[in-house]
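Shared between the two complexes below is chain A, which pairs with chain B and chain C, respectively.
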Partner chain A sequence: MTEIVTPGRRAAKHSAKHSAKPMRVRRRVPTRTPHHAARGNGRLGGPLAALPWALPAFAFVGVLLVYPFFRSVYDSFFENNGFTSSFTGFDNYARLADDPIFGRSLLNTLMWVVGTLLLPVLAGLLIAVATHRMRFGGIAQLIIVLPYAISAAATAVLWNFMLTSDGAVNQVLRGVGLDSWAQTWLLEWPQNTLSMIVASTWQATGLNVVLFAIGLRAIPQDTVEAAQLDGASGWRMFRYITLPQLRAVTVVVVGMAIVNSLKAFDMIWILTKGGPSRSSETLALTMYREAFRLFHVGYGSAIALVLSVIVVASSWLYLRRQMPEAEAEADARAATAKA
Partner chain B sequence: MSGSRHRLHPASDAPLDRRTLLAATAAGALATACGTASGQPPGKVAVLGDSAAWEKPMAAAGAAMKSVAGLRLVPEVNPSLESFEQVVKSSLRTSKTPDMLKYWSGYRLQDLARTGGIVDLTRQWDRAVGKGWVDASLRDAFTYRGRVYALPMNLAYWVFFYNIEVFEEHRLQVPETWDDFLATCERLKKSGITPLHGSAADRWPAFIWFQEILSRQDPQFYEDLMNGRERYTDPRAERALRTLESFFDEDWFTSMDMSHADAAPALVHGKVGMVPCGTWLGSTLVGAGGKPGKNLGAFVLPMADPKARPCVIFESSALVSTVKGPDREEALKAAGHWLRPAVMKAFSHSLQDGCPNPEVEPANPVIGGLAKKVRGDKLRLLNRFWEQGPPELVEATVDDLAGFLLNPSSYREVLRTMQDRADEAWQVWREAEET
Partner chain C sequence: MGRTVRHLFIAGCVLLWLIPLYLLVVNALTPAAEYTGKPDWTFQGFDLVENIKTAWNVAGIGDSFQASLLYAVVCGLAAVLIAAMAAFAVVVLPIPRPAFWFWLIYSGTLFPLQMFLAPLFGLYADADLYDTRLGLMLIYAAWAVPFAFFLIRNQMTTMPPELTEAALIDGASFRRIFWRIHVPLMKAGLGAAFIFQFTAVWNDLLLGITLSRSPDVQPVMAALTTLNNAYSSTGPPVILAGALIVSAPTLLLFLVFRGLFLRGVTASAR
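Moving on to the complex of A and B:
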């Protein structure tokens, strides 16, 4: 709609350019306005005209997202054992603070976030860059992407076969004489959480490779050539030319990694069920166990709320850190265009 | 339906079709939503269960019941344990609940009975006992406040599976006494075979060893502890875990992440000496190449306390009839015929497990032999750890026991934690009982 510029405005712009006194023209922020042709008709163009079309979406979001959310908030103030429900105020939240399982679960969740940010994101970037201009690079990328096509449940079953005490990993280690490296990978904390992060890396890297590869392809060739003329190559080329131009993709990849790691569930559920002795639970698993296995609905709701707050807060903080700069960049670009 | 319009008004078919499609979609969605609510047609009763392996046996029992009572049982399966429990608990108070359910016995059944959502089947039970169709000693496992709320479906004993050929090769006999058992473990260990399967994989198996050792050292204490009359911090509970710790010191156990699915082939191939489990593991063992009577045998763990009355742990699923199910009358009639020998035979032979009706011989000779021994020696039947005590307590204590299995020297701390949980859970349970 921004292309439709009314003659009046054009005239104003014109006069601004030519008048002796430089008049500052505020750049119009693009907004959507109903088309002029539709405006004449009062029946259709009212501010509520769009409502019927938006209603189904509102209904779905309301029923499936907003209501359950507020219901969970409400439930978290009650103690509900399936028979009786009594108001307990903030007791459930106070209990969280004393619960060693919740503490461990929070720590595991943090490990997942850090692990997922370090491994699949970094590995994805490295593999994408390494295979970018390589011969058969496409095939290499395809092979790395393949695990992404397997369901998380199947991946977990596969890794179970590798990680049990008599599993493939330990057999290989013993086979090459590294007996002391053989571990009970899934039985003890923290290596059970770490092993599962590695397993999920195997699966999650593929998508990151694809995203980074797309980002690499989108880098304008002339910037690279200009840098080459200036004598940049290798690490300097990557650090000062490639990486800054991958920024948009990186924002997406990192954002997805944060959210995915916070909601890690299926692989852990199948590999260890959060055990042994609840040592590998993340917040999502603790919430599930309390609410649906132990029927501590109120306590489970409290955990769910804490998890939601963490997810929303971390996403918001991250995006806020990224967005103002993006806005500033846009402003800067606008300024250059004007000049 | 829109066919005739189609021919008459070809121009208007697009909007009409879209409308038809929308209506059909809405109708379809509605039908799916109500699908579980509608009852079975007359002559058919739906039985909801959580195990796909029980589908065929249930259909076989249904066919047998059709011929003796004119009613067909239709199995419905929700194979996810979590969602099965959710469906049962949330639908019980509504008319959308299934007619009949496969549930657990013991406290899990009591948990369900006190909602008032399941039918008192005492009359059907008494009639079956009168005809000799059911082992009367099982009554307690299906009772709430003196009334019977479910009928037993299978009867699995908790035994030690062993490989007959491996035992013969190392000149070992089935242990008759506790010392025999220890000697067997020692001999197997010396021969390079891991004597015992222990597991914390899949979570629940963590209770197996505590249950087996404690019940052999002091069956009465086991029963009292499980019913909240004794404490986990008692020296007798400590003794059981210390015994287990000594087994760990001897290095008799497999790695604790070996699941039952992996233990079965390991036993058949002679890598693991003995696997404690319910007799229902038999079908998994046969699937792994075991041949009952040839290379696959089972025995009941001998008593560590020779003065105590010998006991065996049993496990029996519960057939429950719901109050609000749509075909309640037919479901009650089906319950009346459930324990009939013809129905029970069809069911248990298809399931390949033990049968609560003593008139029915198990199809599997190993289980048949065990049943004979249990009845002949008048072994005391004790319900399984999983069904004993408030369910949420059991859900938590299996995790504590898993912690013990991974760090056996922590037994004191583990028992203290378990007792703290027990104090809280029993209080909640008793309060709920009063309301």
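Moving on to the complex of A and C:
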């Protein structure tokens, strides 16, 4: 790697000019050509040199997340009540099919997903478009994002105060003469699930507003001006210019909304505990109740696996953007460039 | 959308979003003894301090508040450091199969927590970690690493590799390169990751109620849930004051570091 470089004649002349001393002795100057630096073995010390840097992360994630993950899959094939366990094959999964509580739980989960797509995503889009380039738009956005900085648990406590039978919502309804609309919001299905979706809309919309606002700011001004010259405005501008340009952001917002609605736990646990009589449980709640309240560990693990499959499958589109390989990103970029 | 319609729509939305917040503040200020059983719409007094004291001492929010502060700060910092080191290994150093390591670590954020809970409970019972502060800190750190890793890795890939090469030629060791070049250059990104993970740990409820029981170990959201279960006996003013004090740290972080706070989530959108 090290070569001996003799100072060229020019350098010799140079030094001769400035000093009366005789010509300098040759010196060894170590140099490295770029291909030496690029090869990983020299100073970088082989592939094992990187391992200590990654080891703490692998240890934490491996012991506390990856091992429990596989253990859950394994446990789901056992009948386990916390004390004894016996292998039962796919029995736990077969039981899911004719468990009415699981059916209701699946229906509630679907309601949460659809409700979250309808309310916070749509409201987020509308608010972001309406506040875009508007006076005081920033302040309006700030107020709507504010609940996002509050935890789901605190939001649930606040909405419990709003939704209990003598809470603020019923008080308002009675105040404006709509006595017949006032009802026990959290005690009957389906309005308990619906009102919890509204409560989570109050919290989650702000994030979508922020994301859509970023997307709106990224729309090139030229495109908008060109469309204006062609006479587009109002609905046509929104439908044919704004919406297609927001495609990439929309994929992310929808993906995050679906995943978050599938994972929702805190809000439901505090507002109804999944009740009354397990009518407002989602898959996340059913798993917790089966595994930790009823000690059906194997059955709970089976539900956890079903939930995980749904989460990963439904976030696939969104995940593809985050792959480290360049292919997916190139695909997405090509698609947005075409759009 | 016509201009007037647009303004009316926004004004309506802002009002809808403000009413619950307004009720939260007004009723948290009502003296607990004077609460009539119906939500107050006007200020009835200024007993916030008294209500918070009741929630803090009687309902045990105070102990949990300190415990959660410990969890969120220590685990947030530990997770960011561990994740930054792993990102350094995957992005800068010549580790074989970087994509495999990426997915191994990143998979921690993909799945719902329910997938880990039951075996974790067993593991903790066997290792005597159930209901200990150390146990909760370990799982919070592990839980925070994957997403912090994702954020930091994304930022690290944007740094020119010439920086590392130049430092190597100057004879710097890996440790020096990491602490003197990557960490200072990524201050904002590391800060955003810390704020994100601090908020995530602070807001956690599920891990807290699964892996702990006693009041001085339980995180603050679990304590708030316990307080809320005593809705009729404690009375809304104290409970809402509890919700307010529990939200204070994240609200403060949000208002002071708004850009960094939102950067965590918005980073995944780009």
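We adopt the following convention: the second predicted complex is superposed on the first by the 256 of 339 C-alpha atoms of A that agree within 3 Å, B and C clash if a C-alpha of one lies under 4 Å from a C-alpha of the other, contacts with A are read in each partner's own complex, and residues count from 1 in each chain.
Note that in this section contacts are C-beta pairs under 8 Å (C-beta built on N, C-alpha and C of every residue); 3 or more make two chains touch, one makes a residue touch a chain.
Quick caveat: nothing in here was measured; it's all calculated off a predicted structure.
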{"item": "Touching partner for A:F292 - first (chain B), second (chain C), both, neither", "value": "both"}
{"item": "Superposed model, chain A: greater residue contact from chain B or chain C", "value": "C"}
{"item": "Which of chain B and chain C A:S233 touches, first, second, both or neither", "value": "neither"}
{"item": "Which superposed partner A:I144 touches (first chain B, second chain C, both, neither)", "value": "second"}
{"item": "Which superposed partner A:L186 touches (first chain B, second chain C, both, neither)", "value": "first"}
{"item": "Chain B versus chain C as contact partner of A:T223, first or second or both or neither", "value": "neither"}
{"item": "Touched partner set for A:D166, first chain B, second chain C, both or neither", "value": "both"}
{"item": "Partner chain(s) touched by A:S85 [first = chain B, second = chain C, both, neither]", "value": "neither"}
{"item": "Touching both chain C and chain B, counted on chain A across the two superposed complexes", "value": "164, 166, 292"}
{"item": "Chain C contact footprint on chain A (complex, rising order)", "value": "32, 37, 40, 43-44, 46-47, 49-51, 53-54, 56-58, 60-69, 71-72, 75, 123, 126-127, 129-131, 134, 137, 140, 143-154, 156-162, 164, 166-168, 171, 202, 207, 210-211, 214-215, 234-235, 238, 249, 252-253, 256, 262-263, 265-266, 269-270, 283-284, 287-288, 291-292, 297, 300-301, 303-305, 307-308, 311-312, 315, 319, 322, 324-325"}
{"item": "Chain A residues within the chain B interface of the complex", "value": "81-84, 164-166, 184, 186-188, 273, 275-278, 292-296"}
{"item": "Residues of chain C touching chain A in the complex", "value": "1-2, 6-7, 9-10, 13-14, 16-18, 20-21, 23-24, 27, 37-39, 82-83, 85-86, 88-90, 93-96, 98-99, 101-102, 104-108, 110-123, 138-139, 141-143, 145-146, 149-150, 165, 168-169, 174, 178, 199, 202-203, 205-206, 210, 221, 224-225, 228, 231, 236, 239-240, 242-244, 246-247, 250-251, 253-255, 261-262, 265-266, 268-270"}
{"item": "Residue ranges of chain B touching chain A (in the complex, touch as defined)", "value": "82, 86, 89, 114-115, 200-203, 206, 255-258, 262, 392, 395-396, 399-400, 402-403, 405-406, 428, 432, 435"}
